[in-house]
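After the structure tokens below, expect a handful of questions from me.
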Amino acid sequence: MISVPPFALEICVVCVGIFLLMMDCFTKVDKLSLGWAAISGLLAIIVLSFLTGPMPKSLIIPQDFYVVDQPALFFKRFILLSTILTICLAMDYAPVYERFIPSGGPQAGLGEFLILPIFTCAGLMWMVSAADFIMIFVSLELVTISFYVLVASMRKNTGSLEAGVKYLILGALSTGFIVYGITWIFGVTGQTALREIRLALPLLSQGYLVAVLFGLGLVLVSLGFKVAAVPFQFWVPDVYQGAPTPITAFLSVASKAAGFVVLLRVLEPFFVISSIEAKLLIVLTVLAALTLIYGNLAAMPQTNLKRLLGYSSIAHAGYLLIGVASFRGGPSGPIIGFYLAGYLLMTFLAFLVLQHVARASGSDEISDFNGLGRRSPVLALGMLVSMLSLAGLPFTVGFLGKFFIFEAAMRSHQYLLVAIGAVTVSSGFYYYLKVVRAMYWQAAPDDAPAIAVAPFSKFLIAFLCIGIIVFGIFPQPLLAMLQ
Amino acid sequence: MSPLLCLIVLPVAGAALIIAGTQARTTAVTASALNFLASLIIFGTCKPDQGYQFVSSYPVVPSLGIHFTLGADGLSVAILLMSTAVTLAAVCVTRTPPKNGNWFYASLLFISAGAIGAFASVDTFFFYMFHELALIPTFLLIGIWGSGDRQAAAWKVTTYLAFGSFVLLVGLIGLYLSLPASDRTFDMRRIAELASSGTAQPGTVVYVLLIVGFGILVSLFPFHTWAPQAYASAPAPAAMLHAGVLKKFGLYGIFRLVMPVFPPDISAPLNTLLLILVLGNILYVGFVTISQRKLDLMLGYASVMHMGYLFLGILSWKTLGLAGAALMLVAHGLSIAALFALSGELRERTGTLDFAELGGLAKAMPTFGLLFGFAAMASVGLPGFANFAAELMIFFGAFSAGTPSKLGFNEFQVATVVAVWGVVISAIFMLRGYRRIFMGPIGDKWKALPDIAPLPRLCVAGLIVLLVVTGFFPQIVLNYVTPALTWP
Amino acid sequence: MQLALFWVFALLMLVFGAAVVFLRSPVSSALSLVVSLVFMAALFVTLDAFFIGVVQVLVYAGAVMVLFLFIIMLLDLRVERPRRLNIGAWTGGGLVVFGFVGLLGKVLSSELGFDMEKPPVSTQISDASAVGLMLFRYFNLPFQIIGVLLLVATVGVVVLSKKELK
Amino acid sequence: MSAATVPWIILFAPLVSATLILFFGKYSRKLSAGLAIGAALLSSALSWWLFFQPGEVGPNQVFWINIPDIFTVPIGMTVDPLSRTMLVVVNTIAPLVFIYSIGYMAHEEGYWRYFAGLALFLFSMLGIVLADNFVMMFIFWELVGVSSYILIGHYYGKASAADACKQAFIVNRIGDFGFMLGILMLWFATGSVVFGEIFAKVPLLETQGLYFTIACILVFCGTVGKSAQLPLHVWLPNSMEGPTPVSSLLHAATMVAAGVYMLARVFPLLIAAPIARDVIAWVGALTCLAAGLMATQQNDIKRILAYSTISQLGYMVLGAGVAPVPDVPMFHLFTHAFFKCLLFLCAGSVIVALHHEQDIWHMGGLSRKTPVTFACLIVGTLALAGCPGFSGYFSKDLIIAWAVVEKPFLGWIAVATAGLTAFYMFRLLSVVFLGTPRSDHAEHARESPAVMVIPLILLAIPAFGAGYGPVEKMFFHVEEPEHVPELLHYVLLAMFVVAGGLALFLYRNPAKDPVVIPLFANRLYIDDAYNWLVKNVQDALAMLSGWVDRWIVDLFVVQIPARFTWACGYILRFLQLGNIQAYAFFFGAGVVGLIYLLLA
Amino acid sequence: MTPTLGHYLAVSGLLFIIGLAGVILRRNIIIIFMCLELMLNAANLSLVAFSRFNVNVAGLPNYNGQVLVFFVITVAAAEVAVGLAIIVALFRAKQTIHVEDLNSLKF
């Protein structure tokens, strides 16, 4: 039984990335084969992640800022999987991508487009096991900067560029806030490691707690920015709409997930101070409420599916924030993990189908789905499943996620949030079913183009559908991984 | 594999096959016919007085006490039989729509599977999940193949029921959390035990949540407005399944999760209010029904109105009223299904259900008129049909409910008086409808209408025969349901 | 003496910082940014953080500013097109700014500990070596990550600005 | 065949035949008629056999609903003198009518429907007669309603017939509403629905004076609906839309008699509730007066008979209200059954003879064309008008006598009505049969076929003789009240002579009605009042609530919340201005707000 | 008489706010970007101040802060590089770097 040290995982990821960059740079291989190589490499790393042993007691990476616990491992796999799916989508997206690249040849820029997510993946994996503010900051920045590049990388598409700039400015703004926040927390506690902070906090005088709260607030702001919590969500719809579809999916799943993991990690030490805990309860509740309302309600009038999914990702951030806000009922980590896992499946499924339809019709409008039920049953079925799961219909993983969330909320007496949930869930049904209506009620326009679905995409759709339904009925395996 | 599981799996498998592309109609008919036979066998082998049988349980989320537990006692067995019968009838009377009919049949089977699953579940969690399964098929059925203002109706019913069932979900979670943390479970039996032993004390809030949640699903006044419109625009088989079978979910839930759990001191304070709502269903909706000018809307409102009787029987909180309500549940399912089947047939023939345009059709279609007459009389609550026995028991139960042994009138008795007047009201609108459509001089354009086709005739006749049998021998059903509805 | 120096540096830094915001021509904004950052470096020095000060001057005045000016020249940005005063933006901005000032005041006034004088430090080891040691011993992993980050940045810049990708 | 099983056969034979007709009748007219008549004859024979069985036939019950020691509804047969008598009456008249129908319906369509309806009707009536508990009686009560619906609506193609049957059913339902409540109250008080057990608890009930009285009056509502007492009598004249044999069955033996029979059945209760009896007596007296008045101005031969029926039923109810024993009204029911059936059948044969002409002003001079019918009609008329020596005389005068003794005022009302009866019957007689024909139909009228005439003759016999001592003794034991005022009989006799003579004098072959009293001709405007109520109250209310449901309830429960949510979303999305500065501003504002929350 | 911690914090806070104000008020993306740099540096100033005023038993300042400053500067540099690249790409595509012109994605 071989066992690798956990931090080897990220190193392997980075090595894969660098190796592929070299290949891309110095050889004339077909870029898509790079993608396959990346996928297989990351798959191998997932396998590897099941062989990790305990952290070696070495000075190189002190426990203080690199923890590897069960959730962290789960999320590493989660992120690896989402990266793989992103690369699959990206390979499928290649034809569209090439249209928007100032190209000096076939498959221009595709290599970078397929390889950069690997580094993002490494950054995310570091994020989920970061336990020190410096570590958090650095890995966060790695992720953010690589996303700047990926979002803006379709240079001949003004939408992509505009999205890039918006993400850049607001992202940098939130970077400023997190740095300033970290500054204050460090300044008052004299520590950057969460464990140390936890120890230091109880010794502080009342006045310093104000400063701690100030810093914590600033950190919350920029984490809220990452997970798209209202009122820091403004970038989301625009960037989602503008960015290349695979990147949008990657953003909405992986980056949000990592954001939530960090959020939980960062909040945890501050709960020891009861006054801070009370304040946090209020703030988180308010954030969750605003996010729920804004995301769900503003999604209702949308007509562009990509943008709609942007709003829906805000909405789901809201549900996840309910989970965060109901920490009083017990640890909300597993619940959030489960919800995110489900969210991964259904979001990638949705974007996969969207990508096919959009490539055929040339736009992301919901009306492009008219009559899909007869034009391409497979895609329609996939979209149906993912929409129902997003809406939270039973026998899909989405329902279980919501169920666990609201169970926790009731358990911790968050009745306000539950009440808001009643409204938002039913409006959620409305806007997700808008897509179903387009697919099955509306007749297809006569000039509706035929949609080709590669066998591999079919396989992916089937895989994701099955995942959604199976975990919607037998969640136990996932939950076991999270305990 | 437990027989109940196969009851659920058969329709689902049928739907899957249909989507996969087998011949839709034959598959659906075989699946539902087999299901009907299976439920007959179950009905025969079930021993009503021995509580839950055919129990089979698979753990799903042990940490939360969620198990996939199937089981059936007399009550659920009776309702299951009704459900499968109605499903069979619905599938048979279906006229395969021109475009993607396979989805039509698949949706029907899914609705049926959802209802059956709900009635066969002992685990509250799956009980809920199965009911939700029927939401989207309804949406598709009404939205794609509906008539009239189908889109508005489909949106309304879907979002509204989604809202209602979320309220219900919250209520169920509340119930779950009100159990002692040591043994929290979703098992109905255990919940009932814990509640009766007093270890679990769910509060009034939970009670209200459950009543409102179930009430919305059962179209309790004033949450009823989704129902008539939906049934009016739904294709006949969908209306049959939804009004006949699926809607009964709410009442079944009250039998299972409200009756045994909440002691009178929680339920009593709200009785007056609920009675007022029930009278709203019977009297107010009754008048609304009288004012309808189209058959489909009239039937929709009528089914809403009859829910009032059911609720009255339930509120009586007495075995007599409850048994009556359970009998009514079966009877109403059968009769409303027959009525919707016929009105669907009628729409297929005449293209309109407007009283003003129809008339004297019995001349052209005597058998049709006869069958409709039977079904109408059944739903009016004429002796000889199960509905009468049910209404009778409900009235007796409700009249004797409330603070007992006092000959002065309490609120229940007042309510009963009004409810009995509802019998007159339902006679008024049913006979009016019958007179407008089937009696009087016949219009020229209807003279050539062909009489009802053999297969629909067979289905409707079958339903009516069931009604008559249970009407002559209500004891058959009562023997099954009564043990399930008597608590210490 | 130290206090006087501090105020000089601080005020100049703030003034030029404000200049970045309020000057209309990008070039002058950029230049005043440089100046402001240089004075900040001076403040670093007053805090005995010589190494950081030097890095500050090198990286910002040296690299970043050049980059900025270069781009500005490349795009030859003229004076920002004359703006009609955007009331909404200004009132909004003002509100946010004053709100933030208020918060900052609240925080600073909440604790006497902030009024402490500079504690004396033993100066036998230079801060450069100290920071270096920390960096390579203790913060090794973040340091590696920064490496990856720079790699990504490089690739990204290439992807984003190469005239014709191959 | 034991006496215990006979009632079941009697009861279910008609149902079986009805079912068979329902399935096979449409294939052969003979078959349907044969089945129905066979069943009728069978149960008739058995009834007579049962009538001569000595002694009580023990309670033989099966349970219809049985929730032990909570609620049990048996289906049981009572065989006591009362039900025996009623069985005989019903089962003697029914076969005759069935047979008569062969001729009457010979050329009608819907033959099997008709006979199935008749059989079902008979079944329901027998059920009422044999019922041994309230619920069972209520069941058949309703079934009578529905079978009358089927039969009255036989010509459903005619709008008037369709409306009539609907009205009949609904009005009966209204009566049943009261009946049901009465049953509920009695059950709640005694815990049982079986007559015997309830009667046993009468002493306990008497302690609950008001409650008990209300219960009895509510039960009486059933009678009001079923035997067409004021104010629910309107359906009966309209029910003349049905075929004439149906009317005769309806009025003579089955439907309307049910109400009176029920009163007799629950007599032990009524005895204990004096106030309720007063109500009953008053309703009866008023009904018989009002109906008599209305009858004097009708022009449709069947409607005249219909109102006379109502009036006679009024007598019976009055009798139930005043007499000490149920046999008094039952006796009148008994005699009335025969002569009223006879009268209707005569009317029927007249109508057939005139090719379904019913307006008496298109008849006349039929005495020579249809002698047999004429003779039978005279017998019936004399019996109905209470001519001494005819059956009606005995029974009616008995009731009047009791009324005069117990409640003089009501008594004299009854006496007056007796005069009215004579008047309108002789009016009918002379207008239809005497004088000259007023239409060519009447010119060429011809006696009906034997299958219709023979029942007439058969019925004429009891119509004449059913009132005499031996027959009376055989079925009832009634005694005159003591000290009846002597002149009562002379007054009645005078009434008969004067009124009859007056009628014959007034209506000696006039072209049109010499006496015109709109108030009576328009049936005291009661029907109009009902129409007004239905139109302006019920339907208006329905419209209103329909509107409310559409525009108020739906608005507040569904539309407004939905629209509001959507509108909120629509507004919220405009926060997404697309302008980075705006985003930065919101961002900053968010930061400030959040930290204020934290530090506050 | 030396400046206290509070002085440094106040000054850096003001600088931070100035940067924020710039981000909100200016419409030229490059200048907005400069203002962001300003904010980062303000943060650095207070970091250094904190690390200087928080002396451990050995009499050494808390160097974690300065390490973080070092990282921040590096990251900022990288960010500037990428950001300017994006801005250049934008300018090439749309011939503008004014925020008003970036409103094709909204609502």
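Chains here go by letter, A, B, C, D and E, matching the order in which they are written, and residues are numbered from 1 within each.
By definition in this document, a contact is a pair of C-beta atoms (placed from the backbone, for glycine too) under 8 Å apart; a residue touches a chain by one contact, two chains touch by 3 or more.
Here the structure is a predicted model, which is why all the values come from computation and not from measurement.
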*Starting at subunit B, figure out the least number of steps needed to reach subunit E through touching chains.*
2
*If you walk touching chains, what's the least steps from subunit A to subunit C?*
1
*Set of chains whose contacts include both subunit D and subunit C*: A, E
*Per-chain CA centroid nearest to the all-protein CA mean*: B
*From the centre of subunit E, which chain's CA centre is farthest?*
D
_Longest centre-to-centre distance from subunit B, chain (CA-based)_ = C
_Looking at chain pairs C-E and A-B, which one is connected by more C-beta pairs in contact?_
C-E
*Once you find the CA centre of subunit B and the CA centre of subunit D, what distance in Å lies between them?*
36
*So what's the Cα centroid distance for subunit A and subunit D, whole Å?*
78
*Give, as an integer number of Å, the spacing between the C-alpha centres of subunit E and subunit A.*
26
_On a C-alpha centroid basis, what's the spacing between subunit D and subunit E, in Å?_
97
_Give me the residue numbers in subunit E that touch at least two other chains, ranges are fine._
9, 19-20, 23-25, 27, 29, 32, 44, 49, 64, 67, 71, 75, 78-79, 82, 86-87, 89, 102, 104-106
*Of all residues in subunit B, which are in touch with two or more distinct other chains?*
159-160
_Two-or-more-chain contact residues of subunit C, please, as numbers and ranges._
89, 92-93, 96, 100, 103, 106-107, 113, 139, 142, 146, 149, 153, 156, 160
*Go ahead and list every pair of chains that touch.*
A-B, A-C, A-D, A-E, B-D, C-D, C-E, D-E
_Touching residues on subunit E, where the partner in the complex is subunit A_ = 9, 16, 19-20, 23, 29, 32-33, 36, 39-40, 42-44, 46-47, 49-50, 54, 62, 64-65, 67-68, 71-72, 75, 78-79, 82-83, 86-87, 89-90, 92-94, 102, 104-106
*Could you please specify the touching residues of subunit D with respect to subunit B in the complex?*
63-67, 70-71, 73, 135, 138-140, 142-143, 146, 149, 153, 156-159, 162-163, 166, 169-170, 173-174, 176-177, 180-181, 184, 187-189, 208, 211, 538-539, 541-549, 553-554, 556-558, 562
*asked:* For the complex, give me every residue of subunit A touching subunit D.
replied: 165-166, 169-170, 173-174, 177, 210, 213-214, 216-218, 220-221, 224-225, 230-232, 234-235, 237-238, 279-280, 282-283, 286-287, 293-294, 296-302, 423, 427
*Would you pull the subunit A residues touching subunit B in the complex into a rising list?*
373-374, 381, 388, 393-395, 399, 403, 406-407, 410-411, 418, 421-423, 425-427, 429-430, 433, 436-437, 440-441, 473-476, 479
*Considering the complex alone, what residue numbers of subunit D touch subunit C?*
581, 585, 588-589, 591-592, 595-596, 599
